[in-house]
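Chain lettering (A, B, C and D) follows the sequence in which the chains are written, and residue indices restart at 1 in each chain.
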Amino acid sequence: MTTIAVEHETLSTAQALNRALRDALAEDPTVLVFGEDVGPLGGVFRVTDGLTAEFGEDRCFDTPLAEAGIAGFAVGLAMNGMRPVMEMQFDAFAYPAFEQVVSHIAKMRNRTRGRVELPLVMRVPYAGGIGGVEHHCDSSEAYFAHTPGLHVVAPSNPADAYSLLRDAIASPDPVVFLEPKKLYWAKGDVALRSGREPGIGTAVVRRQGTDATLIAYGSSVPVAIEAAEVAARDGRSLQVVDLRSLVPFDDATVCGAVESTGRAVVVAEAAGFASVASEIAARVGERCFHSLSAPVRRVTGFDIPYPPPKLEHLQLPSVDRILDAVDDLQWEDA
Amino acid sequence: MLLDPDGRPTAAGKGSLPDAEALLRGLAGMIAARRFNEQAGVLVRQGRLAVYPSSYGQEACQVAAAQVLADGDWLFPTYRDTAAAVARGVDPVEVLGLLKGDWHSGYDPYERNVAPLTTPLATQLPHAVGVAHAARLRGTRTVVLAMCGDGATSEGDFHEALNFAAVFRAPVVFFVQNNQYAISVPLARQSAAPSLAHKGVGYGIPGEHVDGNDLAALLDVLSRAVDRARTGAGPQLVEGRTYRIQAHTNADDATRYRSDDEVTEWAAKDPIARLETYLRAEGILDDTRAAAFAGAAEEVAHRTRDGINRDVEPNPDDLFRFVYAEPTPQLVEQLAMVRDELSREEGHR
Amino acid sequence: MLLDPDGRPTAAGKGSLPDAEALLRGLAGMIAARRFNEQAGVLVRQGRLAVYPSSYGQEACQVAAAQVLADGDWLFPTYRDTAAAVARGVDPVEVLGLLKGDWHSGYDPYERNVAPLTTPLATQLPHAVGVAHAARLRGTRTVVLAMCGDGATSEGDFHEALNFAAVFRAPVVFFVQNNQYAISVPLARQSAAPSLAHKGVGYGIPGEHVDGNDLAALLDVLSRAVDRARTGAGPQLVEGRTYRIQAHTNADDATRYRSDDEVTEWAAKDPIARLETYLRAEGILDDTRAAAFAGAAEEVAHRTRDGINRDVEPNPDDLFRFVYAEPTPQLVEQLAMVRDELSREEGHR
Amino acid sequence: MTTIAVEHETLSTAQALNRALRDALAEDPTVLVFGEDVGPLGGVFRVTDGLTAEFGEDRCFDTPLAEAGIAGFAVGLAMNGMRPVMEMQFDAFAYPAFEQVVSHIAKMRNRTRGRVELPLVMRVPYAGGIGGVEHHCDSSEAYFAHTPGLHVVAPSNPADAYSLLRDAIASPDPVVFLEPKKLYWAKGDVALRSGREPGIGTAVVRRQGTDATLIAYGSSVPVAIEAAEVAARDGRSLQVVDLRSLVPFDDATVCGAVESTGRAVVVAEAAGFASVASEIAARVGERCFHSLSAPVRRVTGFDIPYPPPKLEHLQLPSVDRILDAVDDLQWEDA
C-alpha cells in the first residue's frame, strides 16, 4: 500500500492522535471509537475531542463504565465487520480488561486458524511523569508484550503518534497502543496522510552516535535524547534507538546499532523485573555478545509500586541515571 | 411448562404449543443430540477425545437454542454446548476439534455464525453484545443468542454484558442453562436470588424462566425473545431449568457432591421421553418417523466416530501461521528453529 | 423522602424522622463537610493539592454514611468520599494525603476502620464483603458500609461483590451514591434499569432508593439497613439520589456535557438548607447552635489548610520500605542506588 | 523461627500440597481455604481433598464462580485478621482476578505504609504438559513476577511443594503460588514439619556440574535435570539451579553457579518474550558478564498462544532443545 503525505501540521501528541482518529473515521465507515468519556467530553485528555460532534453518536460514543465489557464488546464488533478503537482511560484501568485481552483478543485469530481476525486497537494512556495519583501512572507494557498475539506500540512524538495510530487502526491484528501521558502536550511536526505504510515493527535511530547505544521507547525516548545531548557536551557520543514497536521487535535495527557502538543501555520507565527492558537486554546479550565491550545496563523504574507524585522523580529514568549507567560501561577497557 | 414431565399439555400448554412441524424437528434434534452425547462419551472412554463435557439431559436447551434462530443469526455457545453447535449445522467432527486436541476451534465460526467454543466462562457474552451491536449499526436484522451456565452468571463478564446489551438495546437473547451445578458447586452457593431470571431486573431486561426439559416451552419462550429482539425492543434473559445428568466431564466424580436420588429424580423429567410421549399420544409421531429420527441420529454418531477416529497429522507450521496476519520476525526465527529440530530428528530415524 | 426540598416533613416523614439529636449531629457534619469541600477546592486552586474530586452537594450522603455506623464498624469509601472519611473521624489532612501527592493512603485504615481511598472503581466492594465475612467468622457483630458511585455499578466487581455478600449473607450495606454522572457519562448511558436499587433483585438482596439530599431519610434507611445486617439478616443495597454540583474534579469541564439549568435545579435541592430550614422551623436549631456548627466547620477547614500547607520532606527510603515486610535483595540494592545518587547530588551542591 | 521436622512421608505433589494445607489449617485457626470446587469435591486436582470434612464449612469452602470476587474477598478477609489461601482453578482463570492482584493485593502494604498487610496466598495450577485444552496450560508467572509487591514461587517437587506452601501461608506478604500441573502426580519424599523456616527467596543447586549451568524453575526443573543426566553420558557436566522463588530472586546462588561454569542456559515453559527467562538472562548478562564464555541462551516456549494437546510437545522445552542450546554455547572457545 502506498502512502500519500497530504500536508504537514504542528500538533501536540494529543492533537496528532485526535487527527489520526478523525482521518481514520472519515476514511473508513467501519471504524468506531468508544470508551469512557470519549463522547461529548472528548476524553479526559481530549484525544477524542469533537469526534462525536463530527461523526455522530454511532461512530464515537461513551459506554458504561466497565473495561472488560468494553474490550469484550470490541471483540464482538470486530467479529462482525467493524474496526473498533477503544480507549482505556488510564493504564491501571485496563487491568479489569486483562482477561479479555489475554484470553480472547490475543488468541482469536490463532484459535480460529485465521478465520476470525480482530482488527481492533486498545488505546492506553500509560506511564508517569504527570504527578498523577496512584493507579494513574502505571507502565503496563510488559503485560501486553509478553502476551503472544498482540502488537504493542508506543510513540515518542507527535509524528509517530499520528502515523502509528493510523497503522494500528489499519492493522488486521489487535494493537495495544500505548500513549505516553507526559508527551500529550509536546508539540511537533506531523505529516498527515491518507492510505497507510507498513509502520508497525520498525525501530528508528533517533540520534547517531559512536560510543554507546541507548535503547528506549515511548516516554523514555525524549529523556534518552536529552541524555545523549548532555553526554555530547562531555565528549561522549551516544546513539539513541527509538523502538516504536515493542512487538514485533526490530532486532535488525537494534542489533545493528549496538554492534556499531559495542555498548548499550536500555531505558524504560516500567519496573525492571521481567519487563520489556529485560527482554531487550537479554536479546542484545544473546545476539550481540561478541560485539559487547561491557554488560548491557538497564535504567528502569525500580521494582516498587509507582510512587506518589512527590517521589515520582526518583522512579523515572533521569538523565543522571542514564549517564551514570553509561559511565558504568567499563570505559577503561575501551 | 407447556408439557408436563409425563408428556401431557399443561393448562398453559393447551392452545399455545408450537406447531407439530417444529416439535418434530425438535424431537429429531434432541434424539440426534442425545446420540451425539453418548457417542462422544464412548470416544472419551476409547481415548479418542481428551475430555468431554456432556449435555446429556440438557438436549432440549441445546436444540431449542439452535432451532429458534434464523440463518443469518449468531449463536454464542459456552464450552458445554457442542450439541447446540451441531444442531445449528456445524460439522460434529469439527465441533469436537477442541476436545480432541487437534486445534482450539475446529470449525469456521462464519460458516454457520457460531462463535468458537471456549472455556473461560461468561467471557463470550460481551462478544455476543458486540456482534449484535455491529449488526444494528450495519442495518441487518440479525439476532444473537448467547448461552451460559448457572455458574457463569456469577462472573463480572455476565454483568457487564447484560448491562451493555440493555444500554445499547442490542438484539441479544441471553439464555442461561441452569443445570443446578457448576462442576460441584450447587446453585444455592452460586446465587441467593429467587431465580436466575430475576437477574434481568437490575439491567432493565425482561427475564423469564422456563422448564429447560420442555422443548415446547423453550421454543415458545426463546422464539418470542428472538422475535422481540429482532424488532429492536432490546435484549432478554431466559433461564432454562434443567439438569446435568452426567458428571461435569469424564474427569469428574459427581458422587462426591450429589446423591443418586437427585439424579434419578431429574432423569424422570427427561426432555426426550416427554416430547415423544406427547407426539405419539397426539398421533403426530409414528414408528416409521421415530425410526427415521433414530436412523438420522445414528448417521450423525457414525460420522462423528469416523471423523474423530481419522487422525490428521498435526502440522508444526500451524503453531506459527495464525498468531498474526503476518508472522513477526521473531516467529519466523522460531518456526525455523522448530523445522530444524524436526528435520534433525527426522535424520536420526 | 422524609423532608422535602423546602425542609417540610413529607407524609412519610411525619412521625418517622430520626430524633433531634441525630439530625443536629447530621447538620453539623454536613456543614463541616461543605466547608471541607470548599477548603479543598481552594487548596487545589492554590496548587497545594494535585486534584480534588468534590462531594459538594452530596454532603448528606457523606455524613449519613459515617453517622449510621458504630465504632467497630467499617466504612469502605470510594475515591470521592473524603468528606465521609472525615465525618467518620479520620484526620482531614491525612485523608487528603493521596490528593496532595505525599503518599497513596495518608491515614491508618485501622484507626477508624476506614478502608483506604483508592481510585479503581468498585474494586473495594469485594474487600468490604471479605471484611464482613471475617467479622462473622470471628464472631464480632461488625457491619461494613461500602460506598460507590452510579458509574461503578457497571463494573464486574460490583456484581461479584453483591453476589458474594448475598450468598454468604455477609453484614454489608452497599450504598450507591447516584450523583447522575460518571465524569461526563449520564446515568442513562450507565443503566437501563428502573433504578439502581433494582440491582439488588438479581442477588436476592433488598434494594431501596432514597433521596440522597435528605439527611433524615438517609439516616432512617441506612440505619435500618445497618441494624438488619447486624442481626445477621444479610446485605442490603441502598441508592441515594443526589447530584454532583461541581465538576468531576478541578481538571474537568462540566459545561461540555451538562447544562447550567440542570445544575441550578439540583442546587435548589441542597441537603444542608433543607435540614436547616426544618430544624429552625421546629425550634431545634437556633442561631447560637448554628454559629457553633459554623465555628466547628471553620476549625476543620483551618486544620486542613494548615496541615496541607505544612510540607513534609518526602523520604526516598519510603519508596522501598513498605513494598514487603522485608525488602527483597533486589530492593536493598535499588535503595542503595537511590541513596548513592542522592548523596552524589548532595555533594554537587 | 525454628523448624521441627516431625516426620517423613512419600507423597505426590498434590498430596504434599494437601498436607501443607491441612497442617496449616490445624495449626492456625485464621487460615481459610476457598475457591471454586475446593469444598466437597476437594478441588479438580484433589489438592483440597478432605479439608472441608476435617475442618468444616467455615474453614474450607466453595465460593461463587468469580475470580475477581474471590481475590477481592481474600483481600477483605486478610484485612480483618484472616490468612486466606485461595485457589484459582487453572492458570488462565486467574486472569479475571488480575485487577485485584495488581491494583490491590500487590499494593496494599505499600499504599498503607505497612499498616495493612495481606498475608494471603493465591494458588495457581500452572503450565502445561498434561494435554489440556486451550486456557488450561498457560504459564502466567511473568505477569505476577513483573508486579512489585508480590512474592512468586514455584516448587519443582513434592518436598518443596509442602515446605514452600507452608512458608507462603506463614508469610506476611501475598504470595502467588504456582503449582506445576504436570508434577501433581510425581511422588517424592516430603519432610513434614511444624513451625516455619525462611524458605521463600532461596534457590538451590539441584545437581552439581562444571561445564554449564541450567537455570530452571517449577515444571522445567525435572526436564533440566534429565537433560543434565543425558549430557553427563556424553561427557558434559551440567549444573542445575532450581530457583524455587522467582520473587525474591536469589542472585547470589544463580550468579555463583553461573560464574563457576562460565556458561548458562535458562529453561522455562512460558513464552520467552518479556518473561522471567528474559529477566534471568538479562541479570546473568549484567552480573556475570566477565565470567561468561558464551551468550546466555534461553530455551522457552515460543511466542505463540499455548498450543493444542497434539502439538504441545513442540512448545515445551525438551531435553533435546536444552541440549541443542548447550551445544550452541561456543565450546570451540573453551
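The working rule: a residue touches a chain if its C-beta (ideal position, glycine included) is under 8 Å from a C-beta of that chain, and two chains touch if they have at least 3 such contacts.
What you see is a predicted model; the values in this text were computed from it and never measured.
Of all chains, the one whose mean C-alpha position sits at the greatest distance from that of chain C is B. A comparison of the B-D and C-D interfaces places the larger number of contacting C-beta pairs at C-D.
In whole angstrom, the spacing between the mean C-alpha positions of chain B and chain D is 36.
We define each chain's centre as the mean of its Cα atoms; on that basis chain B and chain C are separated by 44 Å. Separating the CA-averaged centres of chain C and chain D is a span of 40 Å. Inter-chain centre distance (chain A to chain D, centres taken as mean C-alpha positions): 31 Å. Contact of a single residue of chain C with at least two other chains is seen at positions 103-104, 118, 120, 154-157, 159-160, 163, 167, 189-191, 318, 323, 328, 330. For chain A, residues that reach two or more other chains under the stated contact definition are 63-64, 66, 68-69, 92, 95-96, 99, 103, 107, 110-111, 134-135, 148-149, 247, 249, 273, 302-305. Across the complex, chain C is touched by residues 32, 58, 63-64, 66, 68-69, 71-82, 84, 96, 99-100, 103-104, 107-117, 148-149, 151, 171-173, 201, 247-252 of chain D. For chain B in complex with chain C, the residues that touch the partner chain are 154-160, 163, 166-167, 169, 188-194, 198-205, 234.
Only residues 103-105, 108-110, 115-116, 118, 120, 123, 125-135, 137-138, 156-157, 159-161, 163-164, 167, 318, 321-325, 328-330 of chain B touch chain A when the two sit together in their complex.
Chain A contributes residues 36-37, 39-42, 44, 62-69, 92-93, 95-96, 131-136, 273, 302-305, 307-311, 314-315, 320-321, 324 to its touches with chain C in the complex. Across the complex, chain B meets chain D through its residues 50-51, 98-99, 101-104, 118-121, 151-152, 154-157, 182-185, 189-191, 251-253, 256-257, 314, 316, 318-320, 323, 328, 330-331, 334, 338, 341, 345.
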